[in-house]
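As written, the chains take the letters A, B and C, and residue 1 is the first residue of each chain.
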Amino acid sequence: MSAPRRALLILAFLALALLPLLAGKFYVDLFAKIMIMAVFAMSLDLLVGVTGLVSLGHAAFFGLASYMVVLAAPDQYAPVSLWTSLPLAVAASALLALIIGALALRTRGVYFIMVTLAFSQMVYFVFHDTKIAGGSDGAYIYVKPQATIGSWSPFDLGNSTHFYYAMLALLVLTLGLLRLLLASRFGHALRGIRSNEQRMRALGFNTYAYKLAAFTLAGAIAGVAGYFAAVQFGVVNPEMASWHQSANVLLMVILGGVGNLFGAIVGAFALVLAQDFFSSLTKHWLLPMGAFIILVVMVLPRGLIDTLQTLRGWAGRRG
Amino acid sequence: MLAARELTRRFGGVFAVDRVSLELQADEIHALIGPNGAGKSTLINLLSGELAPSAGTISFRGAPVPHARPEQMARLGVGRTFQRSNVFMELSAFENCRLAAQARLPRGWAVYERALDCRASTKAARRALGSVGLESRNDATAAALAHGERRALEIAMCLATEPSVLLLDEPLAGMGAEESLRVLALLRTLKRGRAILLVEHDMDAVFAVADVITVMADGVVLASGSPEIVRANSAVREAYLGDAF
Amino acid sequence: MDLPIFLIQILNSVQYGLLLFLVASGLTLIFGIMGVINLAHGSFYMLGAYAAFTLSSLTGNLFTAIALGVILAVAFGYALEWVFFSFLYKRDHLQQVLLTYGLILVFEELRSLAVGDDVHGVPVPASLSASIPLGSTMTYPLYNLFISAACLVVAALLFVLLRCTKLGMMIRAGAANREMVQSLGIDINFLFRVVFALGVALAAFAGMIAAPASSVYPGMGNQVLIICFVVVVIGGIGSVIGALVAALLIGFIDTFGKVFLADYSGILVYLLMAIVLVWRPEGLFRENAA
């Protein structure tokens, strides 16, 4: 990574680290939410930007993990341990991703897009139409998971600031692990698959296995994001697994720029802030939102980061 | 090493390859020639696993290989080049070859090891690029390469997988005279211990390196044998070689 | 299950299947010929239904409303292809997905601004408001039979178009090999515009004709869209016959599923898709537009 890039990264991290000291609860909560979505978006970027798998059903894994917060609690009012319910939720999402992936990856291109959409709708319907966890109304999370180990309580997820820093740590950890993954042989193979899957197979790679591994991993990470989204929100409802959620996170990925993970983070920030802005304007905010989406994808198909770099390149040449 | 027996491939009513039998022996360059549409590329696709045969068998080192998929044939040691350059366009020439070399390495799941630190694949990539004369173009993206360089890259990628059987589909097409000579010399050194199938239109090149020549037309084998025999075969001369020889 | 109820479920299955077919055939043709994945296709169905509502209250006659609606839909489809969709052909699938998703939002809000978000009913025309007796205790609405009949007629017309006309031949050729058709000198832009308008009209017609039987509500487009995707996946992209077979299959499974499984019936369609995927990942009939 180049020096100016690294400097920018450190600056951004410092800014995020200092935010709770400077801003009020509203912004702390908002940025914690953005960071959760950034993790969600990075998991999808692993599929879309790195492996070339456009999934329109990624919210299924996000939503399932959210529901696990409620479903895994034996009793609504008793506290669960973070250290048991989180792994359980992530395992559930990973398992679902393994099953859906095993079937969906038998298809390619547009079929794959449509199939992932359809499977996630299945998950949505299970939560929406059946009596599992409240149907279309969803369910409340009355008691947040506890981070207590024995008698030591490192942080309280109910506290805004604690939660914020936990999410910052999560973001940094996920980014670091994924970057490591991308630099590994496995990561290089995934990029090869995106570039030319036929050639990868002709070289001897079992591309189905690689894609399935990526899909499952992405589902697991999406599960982590979903879990904490539920914890922060305090409510779970079927919309968390809806295709609007899937389209949303896909938009974040393309908004920032696919393939290098930072784009996903930038995209998450840009989109959530844009949504916040538009919804404050009018009741019919989906209209400018839709127009915004169309405009961005038409004009900036390579995403914000790439566009900024190109602009900087032009400016550099002129000066 | 690699043998096809009564291999057939149908597309609807058309027999692209009709009961073709072929044997690729080690230490041999086996050339496959014939007019356009003869079924040569289809045959390579069958041998490499890209296409499934409608009938007939393929065997590797004597053992039959039923329902082979491309990645299986590649793992057995069958490498190939494509008629139209089929490389990783956005990646550098070096990474193209490194990925090719990586295909044969174990522990692809070692996610904590940096790919670029992997000595086995980086060395193999450098070696492959050097043998086709592309060392100076290491860092160029495949998309930035000239057509002839990309053909050379195709060959380098095949070499990087260290195959025991090479299926080369018109490797010289689009190459200049000097590059072609270099590739032919390379093939002569490579054939030791390996079997090479060379599909080519350049007759000079074919008769210069081939140990065995098979002539195909309309999906069937017209003649097969040493270059002298093929050259003398009247049916072949009529159908394909014309007055050139 | 006694005979009259069984018969009713069969009729419902066929009706639902045929409606799905009309919408899905447009989707599969647009994808097969232009290579565009269009998430907004369900919106055409929704817009058709709302158009039926508005036009029939204006004209007082459902048939006039439908006739007018189809003409509007063709014009709208033609214009939309020209102004928007023609820019999508060169884009990759990811961009097409998001661009058409943005379009859904725009359509939904425009409709919300124009007609509001209320759920509406469209009155069944008096000539078709009778009920046919089935057995001694049950009856079946005549209008529902009309829906099935109308869909069958349109489906038949579609097949005639595709099999027997020059335009149909160009469409089928385009679905099988786009570049070839272009190199044959056929005005591909016009062909695309026609196909797109056809697709929009089919979806809108389905929405219009179904409106009196179900209700007209904001989310109806999205719901039908996803099932249509399943139809296309099962039937095979570009194949109109495949869409018909798949749509009827889904019609039966969904209708009978609701009878026997109630709450969980929604999953059956996706289970069917999963089974087809394991067996035939490219769909039952691939690359053969009718």
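Worth pointing out:
Basically, a contact is a pair of C-beta atoms (placed from the backbone, for glycine too) under 8 Å apart; a residue touches a chain by one contact, two chains touch by 3 or more.
Keep in mind that this is a model prediction, so the values were computed, not measured.
Ranked by distance of CA centroids from chain B, the top chain is C. Nearest to the common centre of all protein CA atoms is the CA centroid of chain A. Separating the CA-averaged centres of chain A and chain B is a span of 43 Å.
Averaged Cα coordinates give chain A a centre that lies 33 Å from the centre of chain C.
One inter-chain figure worth recording: chain B and chain C are separated by 48 Å, centre to centre, where each centre is the mean of the chain's CA atoms. Listed in rising order, the residues of chain B touching chain A in the complex are 48, 50, 69-71, 74-75, 80, 82, 86-91, 95, 98-100, 102-105, 108-116, 118, 121, 157, 161.
Here chain A touches chain B in the complex through residues 180-181, 183-189, 191-192, 195-196, 198-207, 210, 213, going by the rule given at the top. Chain contact summary for the complex, chain C toward chain A: residues 31, 37, 39, 87, 91, 93-95, 97-99, 101-106, 108-110, 112-113, 222, 226, 229-230, 232-233, 237, 263-264, 266-267, 270, 273-274, 277-278, 281-283.
Chain A meets chain C in the complex at residues 48, 54, 56, 103-104, 106-111, 113-115, 117-119, 121-122, 125-126, 129-131, 243, 247, 250-251, 254, 258, 284, 286-287, 289-294, 297-298, 301.
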